[in-house]
Structures are given as C-alpha cells and as structure tokens.
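Once you scroll down, you'll see the structures, which are given as structure tokens.
Two complexes are shown next, each including chain A; its partner changes from chain B in the first to chain C in the second.
Now for the complex of A and B:
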C-alpha cells in the first residue's frame, strides 16, 4: 500500500487519476480505517487529505452560506454556534454518527462519500439544498449533494475527482430544519430510517420545503412530493397526513438485518411528520 | 457452622474497594491478548463461509511459501480416533470432512506478524461442495431436514425420531390430565426465543506453547483453566499434567468462556513451529460467528388454573437447537420453567436438536430464561384472562422449603416468598403509568452449583494472608473471598490478597460457572482459614504449655478458652506469624472438596415500559430486581450482578438476535448490528437484596450471578401487553415485531 499526503486538492486529484488499483481518500478515517482493519477494503493507494490547507475550516461565505472543509469533524460542527443556529438539522444529523470518540474524527464529506443510504448526515444536507465543490484534474465543479450517492458504497464521482468542500446555502429568514432517525437503541447504531425536513415560513404558512429520506432506497432520496404536501399549509393534521403518505410512497427499501420493508415504509411517514414539526417550531423561533 | 442471618459481621456485608480496581482503571490489568513472549508467532484462522459444506480440498501451498509463515495446520494435524465429547470438541475446533456452520474453522496459520498471518490465511484455498443447511429449530426437527450428522443421537432418543434429534427427555409427576380437568381455565401457547451471544467485551485470546516433547504452557482468557487444560489435551491427544495453564484477567465470560474454541490451535501451531509460542486473538466477527451463543428455542406450554388462581397442572414441550453439536440446555430450561410454582402435576418433554449454527456454550443460567419466557408469559396471560393480580397468583402458588420442586427433588431453604413480599412492598409498584405505558412482572430461578474446588491459604511472616483460588474472578469473587477470609481470621480486608493461580498450583477446580465461585471457593477459603487458625492455636498452646483444645481464636488472636485454661495475654496473628519459622515452619491451610450445601436463588423483576405506537419502539422506564442472595458478602457486587443480569435479559428481550440470510450466513457479526443495549437505553436498574441465609454456607451465600437474566424476557413481554394490548410470543420484541403486532390488532 502506498500512502500519499498531497498539499493541494489538485495534486490529490492527479494522484487519484494516475492510480490503477484500489484507491481511498483518507480524512477522518472512521470508515476507511475500519474497513481496512476488517479486511473489507485493502487499498493500494491511500491519499490522506488532512495535509491540505483549509480542510479543517468552517467559513461563512459572502452570501451568508457556509463552506465546510472536508476534514472538519462532527464535534466541531456542533461547537460552532452560528452554524448550529442556521442549520441545526444538518448538524444534528452529523452528531448522530458514531460515538463521542468517532465524532472527533468523522466528517460530513466522508459520511457522504462512503455512499451508505443510511448515512445520518446526508438527508440533512439534501434537505438543506447543500452542494459540494468537486476538484478534478481540469479544475473544479459543483454538484448537488443528492447527485453524489450512486448506490450502496458508490458515488457519481469519476476517477481523479474528489470533494474539496461542502457548501451550505444561506439560511435566510424564518427557516428551520430537523433530522430524525429511527434506531432500536438510543445511540451507537445505524439508521433504519432517516428523515430530514427543511422549510421556510411566511407567518404560519410553509412557503418552501425540502424533504429527504435515508435508508429507504439505494441512496438518500429527495422527495419533492412530500415537500409539496406541506407547502402552502400551516402544517395542520391534513398536511401532516399527506406528508406521511408521500414519504411512505417514496420508499423503495429492502428487508435486511436492520428492518423490514413494511416497517421502513411506515416509519418513514412517521418520522417525516415528526421532523416537519420540529423544523416548523425552529422556523417559528428563528 | 452456619451463621444466622441476623448476625452483624465486622466485614461481611460491607463495600470496600475492589482489589482489581486500580489495575483495571489504569490499564495495568493483563487480559488474554496482553500476554506476549520472546519468539512469539501470531495466528490467523481460515473459516468456512458456508453454513454446511463438504470440504473437497484444502491447498495450503501458497500460504506455506509466504515469507514469515512458520506453520499451517488443518484437521490432518490432529489425532484421529477420538470419541464422544472429545470428538465434539475436536470437530468444533477444526472442521473435518464437512464445515458445519458459517465460521467453522477449517485451517490455521502461524506467522511472524499478525499481518503476515492474515495474508497467509487469504492464500489458503479451500474447495467446498455446498450442502443444504438448516437454521431454525422448528425446521431442523422436521423429518426431512438436512441431516447434520448421522448417528449423533444418544441412547435417550427413541427409534423413529427425526434425524437431527440427538437427545430426548421426559420427566414429571402427578396426574396431569386430572389436573387440567380440575382447572377452570386451561391455556396452551407456543413461544420462541432466538439465540443470543454472551456479548463479553473481551474477545477470546490466548498464547500457547507446545514443544515436540508434549510439554507445554498456555496463557488464556477463561472462566476455567482446568477445563481448558483437559479439553485442549483431549483434543490434541496429550497428557494433561504436561500442560500448565495460567488464566489472564477476564473481560467478561457469562458462561461463554467455560469451554474451548481456538485454544488448541495455538498449541498445535506451536508444536508444528518448533515450540515457538503462538498467540491467537479473535476478532468480534469471529466471536459472533464461531463461539458459543446460547440455544434458540421453540416451546409449547399448557397450564391449568382455577378461577381463584390455583395452578392445577402444567405441561411443557421444548425444542432447542444448540448448533451442530449436542448440548442445548433443554433439560435446564424444563427444570427451571415451573420451578417457582408448587405443581400438583407436571409433565416435561424436551428435544435437543442439531442445526447449522455455532456450537452453543453456557450463557448465564443456561436454559432458564427460555423456560421462564414460556411459563411466565402464559401465567400472565391466564391472570389477565381470569382478572387476577399476577403477584398474588405467584404468592398463592409459591414454593417453600420442603416442597417438592417441579423437577423432582425437595427444596431446601429458599426465599421465594420473601422475594415476592419484598417486591409487593416496593414503591415502584405504586408509580403511575401514562398512555402507552405498562407494567410487567415475572420470576426466575437458578439452581446454583458447587463442583470440584481446591483452595489454599498461606499466612505471611507479618500475619497477613494470601489465598490461592482456581476460580477466575468474573464478578467480584476476589473481593468476596478476601472479605470472608479476613472475617474468619480476624484481620483487615486489606491484609488478605486473593490470587487466581495456575493449574500447577492447586487441585482440579471447575470453572467459575453456576454462580459457584463465592459459594464454593469462598466456603473452601473459610475452611482453609479455619485450618490455619487451628494450627495457630496449636502454636500458642505450645508456647503457653497448655492443651491446644483450651485455646480459642477471637478477633485475630489466640487466647485461653476460659479461666481454667490458664491466664495468658492474647497472642495475635502477627505475633504468631513472626515466630512461625522457629515454632514449626510455615502456617497454611487448604481445602479440597465438592462443597456441599448449595443454595438456590429465586428472583422477581418488575418492569415499566412505554411503547411508541407509531414505531413499535419499547423504552424501559423503570426496572426493579428483587432477588435472594442468601447473604450479600459485598453488596455492591451483588447489585452489579442483579443489574448486569437484568440488562442482558433486556437485550435478549428487545433487540438481540442471530440474523441469518437465506444462505445460512450470519449477517450481524459486529456489535453495530448485534444490538446489545447501550448505557443510554436504560434507566438505573433498581435492586433489592433479599437475604434468606443459605444454611449450607458459613456466611449464608447462595450465589447470585445467574438468576437475574431469567425474568426480563417474560417481564418485558408482559409489560408490553399491559402497555398496548399485544402479546409477543416470539423474541426479540423488536420495533418491527411490535409494530406488526399493533397493526395486526387494528
């Protein structure tokens, strides 16, 4: 195995483009190192990104959005009061990943690129309308977070491409977001169903919303029908019922060791309603 | 020699610091994987990915050619011709012509580093012919099920039984049909429990060394090193006296470390590698795939009850699979099932069935939790049907000293009535319940055990004492034995050091199992101390020139037994010890026996739960354990045992399960998906220690380690029913299962 520690994303991209075997990028390492230890992935080239300047920074952008470095661990997101005030749902999703020790290392970018449909931080990013900056050999491009996962363990990134930052839009006024997951325990577990809702209010009425579901399809999914069910409403019971129905209808899950198709489909609707109520309360309080 | 329960002791019943505490919190304690030696090699094990497969060919040539590889072994390196349990152990250690479960070892390698060993293991090519497999016990008992092993049935199995039934039993007393005829309500239901793992934090680890001359050593994490010695030498065809086994500190066992898994591999590899020591450390996946879980069970129970709650008869027919080998604890499950009830008539029928799963090992009160789940669930169902208070029904039918037990013998001193009364008086029973909240109760039983025990005690030159025991300390036995020894000798707790010593130092000891260490090693330590006291009294008598019979031992000193014995100032243990070299030499005591007087332990649990009706998720709100300890030597440890048992039972009830794919492979081989409870899942577990002293132990000890895992399974099922009106008769009562039951009710 070759270990590389490039000092720019461009160098990292060139390195990745030139490798012929199994290549992995290393930031927090909470997936890669565990997979290596278990013998599941034995990389020929391991490209460590932590030496690149700025990867551990959280910066507010000129438009009021946020730029989050690829090596920022969950615990730093939680400690960033202004970011938490803007995007509590995004942060609470990331904070559910692993234990306190894992929080000291695990990153949003890693959670996204691991490609798990159950990744706890991804529905929140999708609901928030977050994008990623992607560096390749020929420069950078941006893409929506929901366009990155391609199925369990897979991304749409080409060889020689890597994410160089997560970009959150400006929160704006009267907005709120929330993420809820279902696990049979209270921590140290993986989502059986996850749901994030981000919405904006005008008075009591929802004027914009995005709903994303995790662990109910091969990738985290954005569910426009679920958002439409609450846009224009005051999140009354009828709207919540329509939201739950739309969320359940969007599910395409599997039966596996973590849950059944019927259970995931039902609980997706339940969590959508509960997350929407929290987001609504946060928007009112904002 | 029994002491009454009202006696206030100087040390027994106090809560001093644990002797192993500092080592454990500073990381100084040495566990199985912490042992290393010069020239040591590392092992890796190749395991079957198939639930059932014929091993066509194993090609080890590429592994052997890898630089750093010092030995590769397959079954061909083990002696042939073993029979009975020795063959079972050998077959489970390393597959013969067939792999019998996903994770069954088929080859092993020793190399100069762990990485090289793992690389070499990947280079071993095994050709399999996959065979049909069977996982579920109800499938395995079908007449046309895939046959795990021809001719495995023992003499108890009548002609014509299905091929995977390897043990059969029936026992009982009274006229069961007449009993059902006299009942106002007879109910019969079927219950199922899944296999669960002991879930100890420390994976199996050992370092073995074996020379060409058949002399060897082993350092191992185990509950019983004499068992390790016998089993390893049986499997390898060696002389047990030539293997010295030293136990490490132990990070949990719960019964799962009373047998061997990969230990003989280290010795066989070492022998083949010219006697270099070989370390084997399991990964968590190996632990879950290839070490003992408990059995899974399918159980029919029938009970007759009068409308005022008198049980008239019971019948239990249990089917259990314990993996690809005989030994599912169906006998214990049946014996414990009705133990809390006075049964005028009862019938038990049991089937031990083979399936393509890892070989079951003991797990905390083996079998008893399954039996309790079936019987205590049905008793609750019948109480609801008849509108009776489940606690009053349990009191009405409770067994007492002198009653014939459901499984035959007469009960000695037991404390079930006292436990039930203490439960009834507990404030948790008055806590108000809100919507979707419910309360459930259940009782549980464990026999407790004695077994081969050998202890020695030595008085040091300064009058302090060391006790050598052969029962590894898995739950506080060093502290408890130190307390009892110090109490008996009349010295301070801190002046007694209890060591768990190697197989060369004592007579044969059974493992720490059956809740026996504090009872059996503790009783033997007290007797060894009394022997040393006798010798110290003789030394004082010689000094004073009086008859040794005229000397008594009071508060850590010899003194004349009365005015007629003479007038001498007391001679303290320190004074006697300081002069022992010139008064006859070392002073010691020892005791070897199968200590008599085991006292059984009953417990009752009451749990409050809240069920989320939209997700089926169960939250434990309140949890109460009431159990008879006999006498709590170190109450903090007793409470810890009660809480630990309850928590393991809660995990078994709610989320733990072996999940197999259609291919017969275990799917949840890490703690992420094998869901034992985490701390934040649980409230503080409330405990009440009931003390009905066991007259068979000098300080009244009964043994407290196991009963506590028994009641949670039914108690939680009963509480869920109370909360949301659905009866779960199959474990785990996971959110999908509860939600499906709620939807089926609608």
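Now for the complex of A and C:
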C-alpha cells in the first residue's frame, strides 16, 4: 500500500484519477481503518487528506452559512457554539456517532462517503439543505448532500473526485432543526431509524420545512411529502398525524436483527413527529 | 514494502520509528517503541483499550495509522504517573478495586484523565457517557465510575 499526503485537493484528485488499483481517501479513518483491518478493503493507494490546509477548519461564509472542513471531527463541531446555535440538529446527529474516542476522529464527510443508510449525521445535513463542494481534475462542482449516497457503501462520486468541504446554508431567522434516532440502548449503537427535521416559522406557522429519514431505505432519503404535510400549519395534531403518515409511507426498509419492516415504518412516523416538535421549539428560540 | 520514517512526540519525548504504512499507531507504540501499556482489545475502535491522546484529543490508537503520528504529540498510559508518584486516578482505581484482569485499565485511565483535564467536576452521568467507549468485561463498571468520581473530588481538593 502506498500512503500519500497531498497538500491540495487538486493533487488528491489527480492522484486518485491516476491510480489503477483500490484507492481510499483518509480523513478520520474510523471506517477505512476498520475495513482495512477486517480485510474488506485493502487499498493500493491511501490518500490522507489531513495535510491539506483548511481541512480542520469551521468557517462562517460571507452569506452567513458555514463551510466545514473534511477532517473536522465530531468533537470540534460540538465545541463550536455559533455552529451549534445555528444547526443544533446537524451537530447532534454527528455527536451520536460512536464513542468519545471515535468523536475525536470521525468526520461528517467520512460519515457521508461511507454510504451507510444508517449514518447518523446525514439526515441532519439533508434536512438542513447542505451541499458539498466536490473537487475533481477539472475543477470544483457542488452537489446536494442527498445526491451523494448511491446505496449501501456506494456514492455517486466519480473516480478522481472527492468532497473538499461541507457547506451549510445560512440558518436565517426563526429556524430550527433536530435529529432523533431509535436504538435499543442509550449509546454506542447503529440507528434502527433516524429522522431529521429542519423548519422555518413565520409567527406560529411553518413556512418552509425539510424532512429526511435514515435507515429505512438503501440511502438516507429526503421526504418532500412529509415536509408538505407541515408547511402552512402550526404543527397542530392534524399536521403531526399527516407528517407521521407521510414519513411512514416513504419507508422502504429491510428486516434485520435490529428491527423489522413494520417496526421501522411505524417508528419513522413517531420520530418525525417528535423531531418536528423539537425543531419547532428551537425555531421559537426556546 | 517500503517503510516510512516517522518523527513524533510520545509523553513529551521525541521519538523516531520506521512504520509500515498499514500499521496502526497502536502497533507502532507496542512493537516499534516497546510501549506495551496501551492494549489491543478489538482493533476496531469499539472497546477503548487502546485509548491514547493525539494532540490532546482522546482517540483509539487502533484507528490511527502510525504514519499519521508524524509531527504530532501522543500521550499514553506510560506518561500518566510522575516519576514514582501515581496519578490520583491510578491510586483511586486501586483503592476502589476498579479492576480485575486489568486489560481495559490503561484505556479507562487515559480516557478518564482526558475528561478530568477538561472538566474537574463531572456528574456521574457525564462520566458514564464519556466512558461509554471503554469496555470492561470484569467489573460491571460501578467501581470504575466511583473511582473516577473520587479522583475528581480529590483533584478539586475535596476530602474524600
């Protein structure tokens, strides 16, 4: 295996494009190193991105959004008060990933690129309307977070392309987001169902919303029907019921040891309602 | 397989070693530097037995490559006692019998110290969540939690 430590994303993209064997990018390493050890993935070329300037930075952009470097670990997100104030749901999703030790390494970008349908940080990013900056040999492009996962362990990134930053939009006034997951214990487990809701209020009325579900389909999914169920409402009981119904209807889960199809489908609706209520309370400034 | 020359700091001392690029920091600490206090439990980041600090951040050394240590500062269990004086956490683990086989103990101590370095007055709940990534198959955890709470009290200057 060749270990590379390029100093620009362009060099990393060129390296990845020129390799013929198995290539992996290394940020936090909490998935890649486990896969290497298990023999699931034996890279011929491992491209460490942590030598690229800016990858460990969280920056506010000119429009009031956020640019999060690809090597920013969970622990750094949680310690950033202004980011937590804007996007508490995004941060709480990431903070549910693994232990304190894993939080010291694991990144949003890695969680996204690992392609797990149960990735805890991805629904929050999708609900927030986050995008990613992708660097390839011919320059950069941006894509919505929901367009990156292609199925378990797969992404839509081409060979020679890599994510060079996560971009969160400006939160704006009267907005709030939240992420909840169901696991059979209190810590250190993989989501059976995850749900993130982001919404904006005008007075008591929801004027914009995005709802994303995890672990109930081959990828994390954005559910526009669930958002439509609460837009224009004050999140009254009828709206919450419609939201739960729409969230459950969007589920296409697997049966496995962690949860049955029926259970996951039902819990998706329950979590959507609860997450929406938390997001609503946060949007109210409470 | 060509090896990579790595210069890093371990417990304040500058050290050098030749790392196979696939070798974990844990392997390099144990096999190249002879620092065998850091243990390998699972090798997949689940058990915390290999906990070290990397530039002050608590990590599993099995989830870090040895080559990534270049230019960084690593803290291991060997750096915890000062000369022959045990760290209060080490003393309290003994007093509370917070270990049986002892295999998880270095990881628990390094992890608990990382917590107390940033929060000298944690609640029991905070301690339990912080240490959720450290597995012990002998003690049932209560003695470990009591030892950490007691060490925190001592570090705050409160009589036990």
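Points to keep in mind about this one:
By definition in this document, the second predicted complex is superposed on the first by the 285 of 286 C-alpha atoms of A that agree within 3 Å, B and C clash if a C-alpha of one lies under 4 Å from a C-alpha of the other, contacts with A are read in each partner's own complex, and residues count from 1 in each chain.
One rule holds in what follows: a contact is a pair of C-beta atoms (placed from the backbone, for glycine too) under 8 Å apart; a residue touches a chain by one contact, two chains touch by 3 or more.
Quick caveat, the model's predicted, so the values are computed rather than measured.
When the shared chain is aligned, chain C comes close enough to touch A:100, but chain B does not. With both structures placed on the common chain, the touch criterion links A:29 to chain C but leaves chain B unconnected.
Contacts of A:2 after superposition on the shared chain: chain C is touched, whereas chain B is not.
By the touch criterion stated above, A:50 is placed in contact with chain C alone, chain B being left untouched.
Judged by the touch definition given at the top, the superposed model places A:75 against chain C, while chain B stays out of reach.
When the two complexes are overlaid on their common chain A, residue A:260 makes contact with chain B while staying clear of chain C. Touch criterion met: A:38 reaches chain B and chain C at once. In the superposition on chain A, contact is made by A:189 with chain B only, not with chain C. In the superposition on chain A, contact of A:208 is made with neither chain B nor chain C.
Residue overlap on chain A between its contacts with chain B in one complex and with chain C in the other: 38, 187-188. Interface residues of chain C, counted against chain A in their complex, comprise 1, 4, 21-22, 24, 43-46, 48, 51, 54, 57-60, 62-65, 67-68, 111, 114-115, 129-134. Residues 118, 283, 285, 614-617, 654-655, 659, 667-668, 671-673, 675, 677-678, 680-681, 734-736, 739-740, 743 of chain B are the ones that touch chain A when the two sit in their complex.
Of all the residues in chain A, the ones that touch chain B in their complex are 38-39, 182, 184-190, 192, 256-260, 262-263, 266-267, 270.
Residues 1-3, 26, 28-30, 33-34, 36-38, 46, 48, 50, 73, 75, 98-102, 104-105, 187-188 of chain A are the ones touching chain C in the complex.
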